[in-house]
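Heads up, there are several structures right after this.
Shared between the two complexes below is subunit A, which has subunit B as its partner in the first and subunit C in the second.
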Partner chain A sequence: MAKEVYLWATRQISVQSPLREDWMDDPLYYTEPYVRSIDPDYKQYFPPNTIRRLGKILKRALLTSHRVMEETGVTHPDAIITATGLGCVENTEIFLDALVREGEALLKPTHFMQSTHNTISSLIAIDVHCHGYNTTYAHKGISFECALLDAFLQLKNEQIATALVGAHDEMTPNCFVLLKRTGYLGHSGNGFSGETAVNMLLGGQWRENALCRLREVAFLYRPGKGDLQQSLEHLLQQSHCCLEDIDAVMIGNNGREENDRIYRENCPILFPGKKLLRYKHLFGESYTASGLGVHAAAVCLRQQRIPAHLFINAGNGEQQGVKHILFYNQFENKNHSFILLSACGK
Partner chain B sequence: MDELILNLKKEIIEVLNLEDVKPEDIIDDAPLFGEGLGLDSIDALELIVLMEKNYGIKLKDPAQGKEVFRSIRVMADYIQTNRTK
Partner chain C sequence: MQKDIFVTGMGIISATGINRQETLLALREARTGIAPLRYLDTVHTEFPVGEVKRSNEEMCRMLHIPETEILTRTSLMGMLAVREALEQASLHGKTGLRIALVSGTTVGGMDKSERHYLDYLENDTKNAYIAIHDCGACTEIIADYSGLFSITETISTACSSAANAIITGASLLQDGRTDVAIAGGCECITKFHLNGFNTLMILDRDPCKPFDEHRAGLNLGEGAGYLVLETGESVRKRNVKPLCRLSGYANTSDAFHQTASSPNGEGARLSMLKALEKAQLNPGEIDYINAHGTGTENNDLTEGIAIQRVFGEKTPPVSSTKSFTGHTTSAAGGVEAVISLLALQHNFIPVNLNFSTPMSELSFTPVTKKETFVPLSHVLSNSFGFGGNDTSLIFSKT
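Moving on, here comes the complex of A and B:
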C-alpha cells in the first residue's frame, strides 16, 4: 500500500509577520495595490559573508528552508522542489539593465549567476550539501501545485522519504507596472500584489508535531463540462472522504472580477453549501500565492481552528475542531487544482 | 596613492556588497583572499570586471590575477602603473 504523506513543518516570509503565524489572530491589512514582504533581519540568522551576494528572494528561500529543516531535524532532504513564477526577477532586471547600458563585455557575474529560475533550488542544495533530486517548476499560477504533486507522488511511491517544497516569488516595481498593464494586478477594486516565500518539509511518516496530512493533489488543464466534478469525486473517493466530511474549501479570490467570477460560477456547483475560505486578502496575489494558501490551511489544521477573518460566506466567529480543508485554485480558468489536507491523526 | 587606495576600498566594498566593512577595516597589506577579507573565486571575477570598468585594465591571465589581487596595496600599485582611464 502506498505511503501516507505528512506536512511536517512550514515557514513563510510574506507581507504578514515573517516566520510567525501572527496572521491567525492579528493579521496585517493593506490598502495599497503593491506591497513587498516584511523581511526579518537576516544578519540574526546568517553570518554577513554568507548572504552578502544574495538577492531578497534567495535570502528568504534560504532562511525558510533552514527553519523547516531545523524544526524537523532533517538535514538532507531527499528532494528539493521549488515553485516560482518569475524566478530571481530582481537580479534578472539588474543583469539585463547592465546589458543594455554597457553591452556584454562588463557584466557582473553575481547578477548573471543569480538571474535564473533554478538558482533558488540549487542555492539551497549547495547550502545543505544535498545531492539528491532537485527540480524547479516555473509554470506561472500552477507552479506550486506542480511542485507539490511531484513531491507527493515520489513520497507516496516511496521513492523518497522527505522533500523540501518551496514557493517563491518576488515582485519588483518594474514587474508590478508590467503586470498591471496586462490586467493581472494593481487595478482599482483588486486585491493587492504581494510576494511569496514559503518552504514546507514533507515526509512519508507520521510525526507527533506534524501539521497535517496531504491526502491528494489533482489538477486539470482546461477542464470541459463535468470534468471538475468528476475529478473532485475521484479525489474524494481516493481519500476515502465525502464532501460532507470537508469542513471548508479554501479558494483563491483576489478581488479581480475575471478571477473571482470563475470561483463564483464553480463553487456552488462543486461544493454546494460549503463554507468558503480566502487567503489572498492577507497574503496578496503572486504566481505562487497558492503556496501561502496551503501554508495557511495547514496551520489551521494544526491549530484545529479557522479564524473568522478567513471566511468568505459563513460564520461570524472562529470555527473549532477542523478536520478536513479542501484547497481549490484556478489560474486564468485554464489550470484548476484540488489539494485535500486533513488533520493529523495517527 | 593614498587617495587611490581609499577609492579602491570603497569600490570593493560596494561591488562585493561588504555591508559591515568600512574602508578603515581593510588593511592595505592584508591578503584579500582566504584570510583577511575572506574573498572567493566569484569575488575574483567581480574584481576583474571592476578593474576593466573603472580603470580600463584587462586581466586575461589567471596567474596574473592571483598576483594582482594579493592585497589592496598591490592592486593599487598595479592600477597606477597600468590604468588607461
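Moving on, here comes the complex of A and C:
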C-alpha cells in the first residue's frame, strides 16, 4: 500500500516579502522588467563569515531550509533534493568573466568551488550533517517537477519518510542581459523576471499543521496529439479524483505571447470551464518559478481560500473553501507537467 | 515489491574509443587514451588529458548532421553514445513505448559560452549558443536527435551526475512511470573546469596514478556513457536479451566539504553499504570494484579507507579506469558503468595503469596484472562528486 505524501512546511524568499505569506492579501506589484528578490536581513540569522562566504542563492537556500526544518522539527531529512535551472550563476559568472577577460593565468578557486549546480544541496547537507540521499535536477522549466517527482516516488514507496525539496534560481544582471537576447525574459509586454528560493519539507504522514497533500506529479516531453489529455486522465485516476473535483487550475502565464498562447490553446481542451489561477504576476518568471507556484497553491489550500488577485478571469472574488488545486506548467511547449494538490483532511 | 531492472543496451565514447568495441579493445590491451592536449584551446598544454579523438565536425559527420548545426561538444558525445545504446537495445522508429532520457551533465554548453561570452554580453551574434548553454538544453538536443523520448530529465551533481541519472532512471521504472529509461551522462572538457581544477591544484602534469603513494592529481577527460534500463516485463515483451541486472544502487552525502572528501570516507562507505544492501549481497560477493579513483591525494585516500571499512581484509580486486579515460566528470558514472559492464560481460578486470608504489595507509593495491579470464558475477562502480555526492552502482550477471 503506497503512502500518502504531505507537504509539511514551505518557505520562500522571492520578490514578495521574504519568509511570509503577505502576498496573499498585500501583494507587491512590479512594473520593471528585472526584479531581484527581497532578501531578509541575514545578520539576524547567520554569523558574519557565513554571510560573506555564501552568495545570494546559497544564503537564500540555507535560510529557507533552516526555516522549514525548524518548523517541522525534522533535523535530518532523509533526502535533500534541489531543483535549479541555472545553478550558482553568480559564482559561475565571476570565474567565467575572469577567465575570458584576464586569461588563464591568474584565476582563483574561490568562485569555482561554489559554481556547480549541486553546491546548493551539498551546502544544506554539510550544514546539518545529513548523510542521506542528495541530488540536483537542472532541466529548464521543469527542474522543480523533476525534484518533486523524485521525492514523491521515494515517499510514496516508503524508501524515505521525509524529504527537503528546494527550487532555487538567481538572476544576475548579466544573466538577464543574456536571457533577454534569447527572448526568454524582459521584452515589452512580458511579465517581469524574478528569482526563486523556496524550500519545502515533505513527509509520508499526516500531521497537524501540514499545508496540503501532494497527490501526483507527472511530466511529458514534446507530447503528441492527445498525450496531455491521456496523462491528465491517468493522473486524476491515480489520485481517485475527477476533473469536477478540481476547484481551480494554476498555470504559468507570464505575459509573453509565445508562452501564454500554449496555455490559451491547451486549457480549454484539458480543463473546460475550470477557473484558472496565476502566480507569475506575483513572483515573476524564472526557470524554477513553478516551485513558487506550488508554494502559493499549498498556502491557499492551508488557508482554505484563494485570494481574488490569483484568478486570471476577472470577476472572481476571493474563493473560500478549497479542496483540490491542479497545477499545469509548460516550458517552451516542450516540457509539460501536472501536479495535483489537495487539502489535507485527515 | 521491488522489480528487477535490466540493462539491455549501452553506449560509450571516451578517450579510449568512440564505441564499445574500441573501448573493450583498449581496456584489454591496457592502452590508455590519455595524451597531450589536441582539441581544447587553452594555454595549459602542460596537462595530459583524456580527449575524445574526434573534432566536433567529425562527430557531426558520424551523426549525419550538418557541421553548421548549433551544437555543443557535450551534446555531440551524448548523441553518439545514446545512439549506440539504443541500437544495441533494438530501440528505433515508432516503438509505442514510453521512453525516458535521464542525462547528467554539469558544464552543459560551457565550451561555447567560454568562447563567446563577450559576444553574449555585447551583441546578438551568438544568441543561439546562449539558448543551449544550460544543462537541460544538452539533454533535449540528445533527445531530439532520435525523437524517441516522452520524458527528459537532467541531473547535475558534478562528478556523480551520470550515476545519479541511472538511479533516477531506475526509480522511474520501479514506479512504472516509463517503460524504458536511457540513463547516463555526458561532458566535454572545457577551459572553465580545466582551469577550475587547476586552481584547486588537483591536476597531474603526468598521466594520473590512481591509488599510488606518489599520485599527484587527476587528468581531465571527456566522454559520454549511457545504459538502456528496463524491467523484466519489458524485456520479455520486447523479446530482448538483457546484458546484466542493475542489482544495487545508492546515493549518499558525505556532508563534509564542498570540494574535499572526509578523512574517514563516511559518504563513500555508506553509498557502498547501501548499494550492497539493496542488491542483497554480502561484501564478499563483489568480484571487482571499478573505483572512482581520480588520482588525487584526497579522493584515493578517502575512497581506499571507505573500501577497507566496507570490505575489511578481503578487499575485492580494485582498479580505476580513469588511468585510461581521464576523469570524465559528469559522464564518469555512465562511462564507468559501461566499462564495468564490459568487464562483467567479458570476464576480465581492467588494470589500473601507472601504479608502482602502494599507499602507506591502505592494505590493498589496485589490479595491475593483465589476466585474460577472471569470472565475474557482481561488479561495483563508484562515482563521487563535488559537495560529497557519493553514488555506488552494482551490476550483476543475469
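The definition used in the following text is that the second predicted complex is superposed on the first by the 338 of 346 C-alpha atoms of A that agree within 3 Å, B and C clash if a C-alpha of one lies under 4 Å from a C-alpha of the other, contacts with A are read in each partner's own complex, and residues count from 1 in each chain.
To be clear about the criterion, a contact is a pair of C-beta atoms (placed from the backbone, for glycine too) under 8 Å apart; a residue touches a chain by one contact, two chains touch by 3 or more.
On a predicted model such as this, the values are computed, not experimentally measured, just so you know.
Applying the stated contact rule after C-alpha superposition, one finds that A:L178 touches subunit C and leaves subunit B untouched.
In the superposed model, more residues of subunit A are touched by C than by the other of subunit B and subunit C.
Of the two partner chains, subunit C is the only one that A:L220 touches; subunit B does not reach it. When both complexes are overlaid on chain A, the residue A:N49 reaches subunit B alone and has no touch with subunit C. Of the two partner chains placed by superposition, A:Y29 touches none, neither subunit B nor subunit C. Shared-chain residue A:D97: touches subunit C; no touch with subunit B. When both complexes are overlaid on chain A, the residue A:L107 reaches subunit B and subunit C alike. Counting contacts by the rule stated earlier, residues 105, 107-109, 113 of subunit A appear in both its interface with subunit B and its interface with subunit C. Looking at the complex, you find that subunit A touches subunit C at residues 80, 84-87, 95-97, 99-101, 103-105, 107-109, 112-119, 121-123, 125-126, 128-140, 143, 146, 149-150, 153-154, 156-157, 174, 177-179, 181-182, 218-223, 227, 287, 334-335. Those residues of subunit B lying in contact with subunit A across their complex are 15-20, 38, 42, 45-46, 49, 52-53. On the subunit A side of its complex with subunit B, the touching residues are 48-49, 52-53, 102, 105-110, 113. Taken in their complex, subunit C has these residues touching subunit A: 42-44, 106, 110, 113-114, 117-118, 120-121, 124, 127, 130-131, 134-137, 139-140, 143, 149-158, 164, 167-168, 171-172, 174-175, 177, 191-193, 195-196, 198-200, 251-259, 266-267, 270, 385-389.
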